[in-house]
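Chains here go by letter, A, B, C, D and E, matching the order in which they are written, and residues are numbered from 1 within each.
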Amino acid sequence: MDALSTSIIDLRDVVAVYNGYPALAGASLSVEKGEIVLFQGPNGAGKSTLLRLCAGLLPVERGTAFVLGCNVQDERERIRSRVGLLGHNNGLYADLSIADNISFWASMVGASQIEIDAAMSRMGIDGSLASRSVGNLSAGQKRRCALACLIVRRAELWLLDEPHAGLDAKGRDEIDAILREASQLGATIVVASHEIERAQHLATRNVAVVAGRVQERS
Amino acid sequence: MDALSTSIIDLRDVVAVYNGYPALAGASLSVEKGEIVLFQGPNGAGKSTLLRLCAGLLPVERGTAFVLGCNVQDERERIRSRVGLLGHNNGLYADLSIADNISFWASMVGASQIEIDAAMSRMGIDGSLASRSVGNLSAGQKRRCALACLIVRRAELWLLDEPHAGLDAKGRDEIDAILREASQLGATIVVASHEIERAQHLATRNVAVVAGRVQERS
Amino acid sequence: MSTSPNIARVARVVAAKDLRIEMRSHIVVQQVLPFAGLVMVMFAFALDNDDVLQRVAGGLVWLATLFSLFIVVQRSYAIETSDGALDALRVAGVDSQGIFLGKSAALFVQLITLELLLFVLAVVLYQVQLSLAGLVLLVTCVLCATAGLAFVGTLYGGLTAGAHGRETLLPLLLLPVVAPVVLSATRATESAFLSGGAVLADGWPWVGVLAVFAALFGIGGLLSFGALIEE
Amino acid sequence: MSTSPNIARVARVVAAKDLRIEMRSHIVVQQVLPFAGLVMVMFAFALDNDDVLQRVAGGLVWLATLFSLFIVVQRSYAIETSDGALDALRVAGVDSQGIFLGKSAALFVQLITLELLLFVLAVVLYQVQLSLAGLVLLVTCVLCATAGLAFVGTLYGGLTAGAHGRETLLPLLLLPVVAPVVLSATRATESAFLSGGAVLADGWPWVGVLAVFAALFGIGGLLSFGALIEE
Amino acid sequence: MNSTAVRSVGTPSTRLFGLLAIACMTWVVVGGLFFTPADLNQGESVRIMYVHVPTAWVAYLAFIVTGVASAMFMFGKKHSLGFDRVAGASAEVGLMFMAITLISGSLWGRLTWGTFWEWDPRLTTTAFLFVTYLGYMAVRGLGGSPQQRARRSAVVAMLAVLEIPLVHFSVVMWRSLHQRASVLSTDGDIKMDGLMLTTLFVGVIGFTCTFAWLVSHRQRVMAMRDILLATQLDSALNERIAEGSQS
C-alpha cells in the first residue's frame, strides 16, 4: 500500500464527466479502514457515479482519486480484485441458474464449495430456488443472488448502490448483518441508499452528496 | 360496468403460471373504488405477478379475474386504457428526452401541454433536465420520468410495483401526495412495496401476499 | 376517462417516435447503409463472373436490403423491449393495429431511404440504362416490395419481441418468408433494368406478386399483431 | 485477500460459462444453424445454374458462416451486457486476456459445430468428392479460418459492447475485416473440393493467409482487449 | 484568452505546406493538362493518372499515419490525446483522398474499360478499405470519454492499416484487370515518359503537402475544440455547483 495515505478511499476534488456533463463537480472524501459510510442525497446528485468511480469504471477527469492506496486512474488492475461493486444492475447471467452464477464467481476467485453454500444460506437461497434460472426470478430474488455472488468474491472494499432495493424485510436485516460482520472482519463498506432510517442504523458515518459534491455530516 | 360486481378488482382463486411454475396459487382479492391497497410479502411471493395479472399482461390459468368489471381473460382490450402500470421497468425510450417521452404518452391519450407541464413539475423535472436523453439519467431521474408518464395517462386504476424504489426522500413524499390526490379524485391504487413503514401511512388497507396467495390483514 | 385514440392517430404517433429516435441515433444512415453497400460490393466480387453479375445486378440491391432488414427490424424492437416500453403500450391499451401500422410506416421510410441510396450506387456501378417505362416499373416494384418487407418485419419482429432474449430467432423466421419477396423484386428489377435480355413487360407480373404479398402481410399483420404481442 | 487467478483458468471458466449458456438456451443449434442452412439453400436456389453452383459450393458454406457469425457474436455479448455482467467482471479485476481467450474459445467451438454441419449438408447437396489430401487441406483451412473469425468476432464484439445500444455497428465493423477471410477460405475449400478445375496444391497458400490472419488477430486481441472493454 | 480573441489555426509550418502544395499542384495542373504527351494506348485519358495515383498513395500514407499515431497513443507512456487527434484528422483526410481515388478511377475506367466499375480485386479491396475507415469514423463517433474513444479507435486503426498490403498486393493475389504495380514495381525498370514521370512525382509531392497541410489544420481545430470543451466544462461545473448551493 502507498505510504502517502492510509485511507481506503481518498478523493481530492474529483471531477467526472459523462459526455460533457459534470456528474461529479469536485468531490473530496476520505474513508478509513473498517468504516461503514452512507451516501445520501437527492436523485442525480452523483452517488452512483462516486461508487462507479471508486470501482474504476469511470475515468477521473480532474483531481486525484486513490482507492486502497492505488491511483484509480493508472493502477486500476492492482485494485480491482480487491473491490466489489453492486450497482443498479445485478450483473447476473439470466440463462444460468443461481447456483451456476455463484459458482462462476467462486471459480473466478477460487472460493470453495463451503463458501458458496455459506453465501447462499446467508442470502436465504435454498436448494430448489438455487437450481432455477436467474431469468425466471422475481426482482428481489435476483438481488439476493447478486449479493451472494458479491459475498463469495470476498472483497476488501464493498461498494453497494441501494443494496436494500427490492429486498423484503428479512432480506434487509440479513444484508445489514452481513455488512456489519464484514466490517468487523476488516472490510470497508460504502453504501448509497435512499432508505435513510434503515441505513443510518448501519452506518458509522453519514455523507451527503449534493450536486456532484460531498458534504460531510455528523 | 358489470352488474355482477362493483369491485374494481375482483380475483377468485386465481392461478397464474410461468413455464409451469405457479407464481400465483389461488389468490383471491377484492378492491373497492377509491381504496389504496398495499401488497406486502417476502421476495418471490407473487406481488409483481398479481399486479401484472391485473394489468392484463399475464394469462389466468385457473379461477376468475375481474378488473374494472371486465374479465381480464376475455375482455382485456376494454380495460386496458383505464389501467396504468408502473413495473420494475420504467418503459421509457432511452434515445428520447424526458420531454419527448412524456409528450409521446400525452399524444397517445390526448393530454394537453398543460397536463404535461403539470406532471413534470409534480415530479420535479425542470426545463434543463427535461431536454436530456433518458439514457443519460440517474436511476431515480428515470423513475421520476416514468411516474410523470404515468400521471399523464390519467388511469382509473393505478398498479404500482415498488414506486418508491430509487426515489429520494423528496420524491417519495411527492409520489405519496400524488397518490393520495388521485385516490381522492376517485382513482383506485394498488401498491406493492417492501418499504412497509412508508407505504403503511399511505395505504387504506394492507394485504399480505405469501407464496402465491393473498392473506388479508388489519 | 381517457379518450381512446383512433388507429391513424396511434400510427402517426408511433411512427413519429420511431423516426425521431432514428434522427437522434443515426443508426440506419451511419451504420446500416455502409454495411449494405459493402454487402453489395462483396457479393459482386464473389460472383466476379461477368455473365452472372450482369444477370444479378438488380438482385444485389435486394440482397443487401434483405440483410439490412434483419438489423433494422431488430433495432426497431430493441427500442421497445430494452426497458419494457412495449409492455407499457400494451397495458395502456394502445391500439395494437395502430402500433403495427406505425412501426411498419417507420420501417418503410427507413428501408426506402436505404434502397434509394443503394439503387443510386447500383446505377452508377453498373451503368444501367433506365427508360421512363423502366423507371415507373422500378418505382412501383420498390414501393410494393418495401411495403411487404416492412409489414413482415414488423409482424415477426413483434413475435420475437414477446419472447424475451430470443432476438436470435428473428433471422430464422424472416428469411424464408422474405426470400420470395427478394426473388420477385429481383426479377422485376431486372426487367426494369433490361438486364440479361429481360423484357420490360415481364416485370409487371412480379410487381403483382409483390403487391399481393404486401397486401397479405399488411392485412395479416393488422389482424394478428394484437394477438402476437399479447402475453 | 482473493487469489488472482491466472489467464488459463479465467479463460477456462469463461468459456465453460458461455458454453453452458449455449447448452441451456440452444440458440446456436436451434436458431442459428437452421438460419445458416437456409442461407445456403437460398443462395443455391438463386444460382440455380449447375456450373456456377458446382464452383461456388464451398463458398456458400463460408457465406452462411459469415452471416451466422454476426448473430453468434452479438449473442455472445448480449449475455454479458444485458445485466451488466461485463462491468462486474471488470470491477472484479478478472484478467481481460483470460476473458478474451475464453470468449474466443467458446465462439470457436460454436462456429466449428456450425461449419461441420454445414459442410455435411454441402457434401450431401452438391455431392462433392473429397480425397484424403483434400480432407487434410479442408480441416486445416476450417481450423485456421474459424480461429480467425472467433478472434475478430470477440475483439470487435467487445468494442461495440462497451458502447451501449450501438450493437448495430458490429456488422459494419466485422464485414470488411472478415470478408477477406471468407474469400480466402472459399478458395482453399474449392481447392480441397477440386471444384471448377481447382488444384489441391493451390489451396495451401490460402490456408497460410488464414493462419497469418488468425495469428494477427489473436495477438492483437490479447494485447488490446483490456483497453477496449475499459470505460 | 478572452472570448473575442480569434485564434488562427495557421502556423508557419502550415503556411509552408500550403505554399508548397499550391506550387506543386500548379505544376501538376499545367504540366498534366498541357505539357505531358497523351498515352499511346489510352490517349488523353491518361491525364487522370496525375490525380488518381497520387491520391491513392497519399490515402495509404494517411492511413499509415493514423495507424502510427494510434500506436504512439496506445504504447506511449502518457496516452496523449494529441496523437489521437492526429490519427482522427489523418483518417478523415485519407478518407477524402480515397474517395477521390475511387471517383477518378471509375471515371478512368469508363474511358478505358467502358464501365465505371469492374468486379476486380483492386477495386473491391479499395472499396473495402474505404468502408473500413467509414467504420473507423463511426467508432470515433461512439461517444464515451475522450480516452476511451481514443483507445477504441486506436485499436481499430492499428488493425485496419493491415488492409493496405491486401489492397496493394490484391492484383497479384487475384488475377486482375487493374494496372499492376508499374511505378512501384520491384524490378525497377520504369517504362514511362520522363516528363510524365516527373509530373506524377510532383503530383505525389503536391498531394502529400496538401495532406500535411489539411491534417495540421484539422488537428489544430480539434485541439481547439477540446479547449472549448474544457471551458464549457468549467461553466458546467459552476452551474452544477450553484445547483447544490440553491437547495
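Just so it is clear, a contact is a pair of C-beta atoms (placed from the backbone, for glycine too) under 8 Å apart; a residue touches a chain by one contact, two chains touch by 3 or more.
Being a predicted model, the structure only gives us computed values, none of them experimental.
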{"item": "Shortest chain-hopping distance from chain C out to chain E", "value": "1"}
{"item": "D-E compared against A-D, more contacting pairs", "value": "A-D"}
{"item": "Distance from chain C to chain B - Cα centre to Cα centre, in angstrom", "value": "37"}
{"item": "Between chain D and chain C, distance of the C-alpha-averaged centres to the nearest whole Å", "value": "28"}
{"item": "Mean-CA-position distance for chain E and chain A (Å)", "value": "47"}
{"item": "Residue numbers of chain B (touch at least two other chains)", "value": "94-95"}
{"item": "Multi-partner residues of chain D (each touching 2 or more other chains)", "value": "25, 82, 165-166, 169, 172, 175-176, 179, 231"}
{"item": "Chain E: positions in contact with at least two other chains", "value": "128, 131, 134-135, 138, 143-145, 148"}
{"item": "Residue ranges of chain E touching chain C (in the complex, touch as defined)", "value": "106, 110, 115-117, 119-121, 124, 127-128, 131, 134-135, 138, 141"}
{"item": "Residue ranges of chain E touching chain D (in the complex, touch as defined)", "value": "74, 125, 128-129, 131-132, 134-135, 138-139, 142-145, 148, 151-152, 154-156, 158-160, 162-163, 166"}
{"item": "Complex interface listing, chain A residues touching chain D", "value": "55-59, 77, 79-85, 87, 89-96, 100, 104-105, 107-111, 133, 149, 153-156"}
{"item": "Footprint of chain B on chain A - complex, ascending", "value": "18-19, 21, 41-44, 48, 88, 129, 132, 136-141, 143-144, 162, 164-172, 194-197"}
{"item": "Of chain D, residues touching chain E in the complex", "value": "155, 159, 162-163, 166, 169, 172-173, 175-177, 179-180, 216-217, 220, 224, 227-228, 230-231"}
